[in-house]
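Several structures are given next for inspection.
First chain A sits with chain B, and in the next complex the same chain sits with chain C.
After this line comes the complex of A and B, so read on.
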């Protein structure tokens, strides 16, 4: 049973962590937290099923197409829900604009795709029914590959450093002549792809279901809140811990208690450390 | 009185409805009224207080189940059950709402969303009590309320009472304080508004109306299941307020009616209704952030006179301030304050005497504003203390300063752009009101006398700074220099014993600076001590009794203006030859 809890816990935890990373990438580029983060995960699953099962594409092209689709939605998020409200960041209009756009994505999917969970195609076919079933380790592999890739991107490439510069000091970066707007759009495309990867890799576990978006929005935000906004390592640690905790509570006490427990931990940690366990303290106000 | 006309029209239309429409419309009308009972309360939280509680449907669920369970299992009378639902809603409202005191907007929105999810899950799985997915019957009423129109009129009565109460709250110091913490939180603290206390009361009230609405909702539906309380419903409530516009009662009322009726007129679109609402939300935020209320705000579209000059009347200051016996001095002793490795204030002793003007000058970064922030409680010094007479000024609690008679202005004016100038100034005397929240909601005598006195005092303060002709204008239409004087009026409105001014002359014309100078002198003559942080050396030397010069967080020199002017180091470090 321990193996089952760990396998399932790490798997969903990895999905949560990746959604957390999606939040972080969007936040770094724009100082905006977006309700579309979880929807990207949902779209990863839905587009995967759509491309592979319904259109009958082979797995690799289907995967690529799904990722491109999610990246495109990421860019659209930036253009219609984020950019117009950036000039009045202190009014927090982004909470409302991204909520509106996220709901549009969700209801559109429900109506045009399906209101019922749809099966996700079997990708490789390893370990059916065992704790080493691919549906458990694929998300974990995807999570660590993403983190590794992001580290390489941020540390070794010019574009990655430009991303960091924008995140660190937007004004200074613009004064240096960095194309802030294009970098922001690229960040949102990247965020869309990372979120989509979460949904695609976790597709066999979570299925292709429109309501996953709202669930992932919340459970993907918990690791961000726990780990500190903008901190990817914090998000991964927080996400994996959350997944294992949730699955353990689920096995031992049932789904509702697990949800209540996660919520309680979330609230308590936030109230004790509003900036997260690994985050930086808030800025001066006066 | 003209403000009442739209409400009277809406109420008349609602009362005519039974005579012109069939029973189907009774159900639609009752639904709009029940939703409004919730939305009216939520409007205080979202529209006035600016707290983005997007999961408010959770309280509707709790109220609904409480009432239904009490009636179905314990045979309670439905009206008592509605009340019980309200009480549960109020308690849950505080539980859901209070994280807002510590969390930033998106975090808070997330917690309310999480709470809503949990409540639905519990309702679904706690079968022995809630009936799980099968649900349970809502409270059934006895005649005359068991007919569609009977129930409609009942819900209409509830809606009318809630509208009246929230409108009263909105036009009281409670409503003004809510807008203040939404748009100018730092200034709100300086005027003594306690965010914790204010939000607790408002969440209790809004939770109560949501709980009562839940009970009524159960009767309306006649049978409740967890499916009835979707997140979409929560979004609808939220959007009704945003379409209506922040800080308005009429706007959200119209928004609520509009959203309830919309699916009836667009039957083929029912499946798409949530999509439509979401699009509407996005469109409103991007294209019309002011909502319906901004469209209806005709008064603030008439152009203002273009060449306005501010003519203060210092002769009226004494009548407003009315000080009694001699006051205590503000004394700082050996105050040290560091930001990281930078010692912004490094062992400062300073005494600001009652009834005198004390100038604080020095180069940028010398610690002037920081000193002011220590006195007004925003910063906690690492060493040393600030005293008012013998009383220690508590660190990190800016909301305590107003009651101790210390008022301040800010380097960049912090006013509520969407509120009228008069309401902005009235904020300054918030703590002098006596009526409790419920007294204000019911317009009891103490509320009415509060309003009368605070309005009169704010008008006096506006007359002193010379802006009374602009009292009813939205503050964001004023010029920068006028905003500076609005801030001074707000500070004076609280009848302070000490007035801390942070660069009040910045951005003013020479003429305005002269007038400001005589105003400050009059304030000091009336017994109020003034601490003046300023870069205009002429103003400082003209009106100050005492001047302290700071450099790198330390006192470089102190004395009368004449002494400072001839002080060698000051001249070389700051004034220039």
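After this line comes the complex of A and C, so read on.
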């Protein structure tokens, strides 16, 4: 029983964590909280089903195509929902523009794909019906692989360092000749792919369903707040903790009450540590 | 001879008026039926079936010369499942289109918003919604339910659990939508009143990715049957998958959505869909001999090749046919499309034999569906839109 709860909790938590990382990547590149993050997760599942089940592609080309599709949506997000409002960040217009674009993605998916949940293909075929079922461990593996990959990218590659540079101070980065706009677009493509990976790896659990985006947007934001904005490792720990806590609360208290419990704990944590459990307090110029 | 300007205008107006007079004055006024339904959007599935029945019955009646020489004209509006749009559509068909009766809207949320508007206009309305509060002959004397109510669905599940499955310990689950929450509360009350031991109850977010914890709680509490009130095929399939993964062969009984074709795609193994029983209707169920009741078998044979039944439910189609026939018969018998006369006629119906079920109304009872017409069906047995009766029925 404990194994079943832990397996499901870690799996769901890993998906939330990856959506949190998606928020973080977009935020680092643009200082914008893009509410399309959850929709990237939804699209990962939908495009996976579309490519593998409907188009009949083998798993690896299907996966690659799904990731490319999500990355492209990430770029489109930057162009039409983020770039036009960058000059007025203090007015928080991005809330409206990214939410509006998220709604467009969701509605388009509902019309063109299906309004009913669709099955996601079985990817490997290991452990069906057991706590070691692939649907539980695939999201966890994807989550840790992503964090490892991002660390390598940011610490060991020139492009990664350039990402960090614009995240740190985009005016200075531009002054040094870095192509800020291109790097921002690349960041959004990366975020799209990471969000898509969340939906693809968690597809067997979440199914391919147009309404998953809103749920992922919501629960994916919690690890960001818990872990500290821009802190990927914090998002992973926050996401996994959220998933396990949520499943345990479902077992101990049941559905709707469990949701209340999750958010009660979330609010308490933010009251104690407003910058998140792993975030540094914001410095104030004096 | 000189023609004055006044004579010229008068003659021209008279000539131009001839087609209009022919259309409106000499031809019999059509019987206009407002048909409000969710033609598009996530809640459109039932409308596909309803509409086939509505159009089929209308074509049949009009093809035979109409009702007392009056053709039926369907005035349809797409409410998209949105109560606001449903309210606008209701006001439009009543005030501008001057319909004589309304069928729909086709889901309970919209009906809650539109029923009082129809009542104010004294508009004869046939209600295809299950929420109990939609029917009140004092507040809404114009509204007649042509489907079972929530209570009747619940009653069918209770009778099946008690008389056929012979279980005592029940787990009641529902999705966290407006419908699910109200069905959960009604079901809790009625099962308790009927002497069942409710060992677990849970209102579950339909987007919850894994319902194993909920099923573990139910199993640990000793549940002998899972009663499910959800319209979400995703949640229903997750429940069946979790039950299968736990190797727990407890029966699942509840909402008709347990039998939608989508679930067949979502269960991990076809066997996970066994031992699942959904609310169904005797007229639209295959008996132990594998046949539909005669009238419905004849109907299925008659529509074969005209429209498919495999992608919808037979009872939705039958309900659409019954709605048009109920209105047409009221006009035929009373000789008028006056709203008071239609309502008065419906109030006299006793065991009116529809395709969907038998309807009985009186001035104080507008829940027309017969309890015994609501039965349980095997969820995974759909063919041609109808299901096998669940084991245990004669």
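Things worth noting here:
Basically, the second predicted complex is superposed on the first by the 279 of 286 C-alpha atoms of A that agree within 3 Å, B and C clash if a C-alpha of one lies under 4 Å from a C-alpha of the other, contacts with A are read in each partner's own complex, and residues count from 1 in each chain.
Keep in mind that, in the parts below, a contact is a pair of C-beta atoms (placed from the backbone, for glycine too) under 8 Å apart; a residue touches a chain by one contact, two chains touch by 3 or more.
For clarity, every value in this text was computed on a predicted model and none was experimentally measured.
After alignment on the shared chain A, the placement of chain B and chain C results in a clash. By the touch criterion defined above, A:130 lies against chain C but remains apart from chain B after alignment on the C-alpha atoms of chain A.
In the superposition on chain A, A:5 contacts chain C only, with no contact to chain B. Judged by the touch definition given at the top, the superposed model places A:259 against both chain B and chain C. In the superposed model, A:116 lies in contact with chain C only, and not with chain B. In the superposition on chain A, no contact is made by A:60 with either chain B or chain C. Once the two complexes are laid over each other on the shared chain, residue contacts for A:270 go to chain B alone; chain C is not touched. By the touch criterion defined above, A:209 reaches chain C but does not reach chain B. With both structures placed on the common chain, the touch criterion links A:251 to chain C but leaves chain B unconnected. When the two complexes are superposed via chain A, 127-135 is the only one of 109-117, 127-135, 163-171 or 451-459 in chain B with C-alpha atoms clashing against chain C.
Comparing the two interfaces of chain A, the one with chain B and the one with chain C have residues 215, 254-256, 259 in common.
The part of chain B that touches chain A in the complex is made up of residues 52, 54, 99, 102-107, 109-111, 113-115, 117-118, 121-122, 124-126, 185-186, 231, 235, 242, 271-272, 274-275, 277-282, 285-286, 289, 339, 373, 378-379, 410. On the side of chain C, the complex with chain A involves touching residues 41-42, 44, 176, 201-205, 207-214, 216-217, 220, 233-234, 237, 244-246, 262, 265-266, 268.
Across the interface of their complex, chain C is touched by residues 1, 4-5, 8, 11-12, 15, 110, 115-119, 128-130, 133, 202, 205-207, 209, 211-212, 215, 247-248, 250-251, 254-256, 259 of chain A. Here chain A touches chain B in the complex through residues 33, 80-81, 84-85, 91-93, 95-97, 99-104, 107-108, 111, 214-215, 217-218, 221, 225, 254-256, 259-260, 263, 266-267, 270-271, 274, 284-286, going by the rule given at the top.
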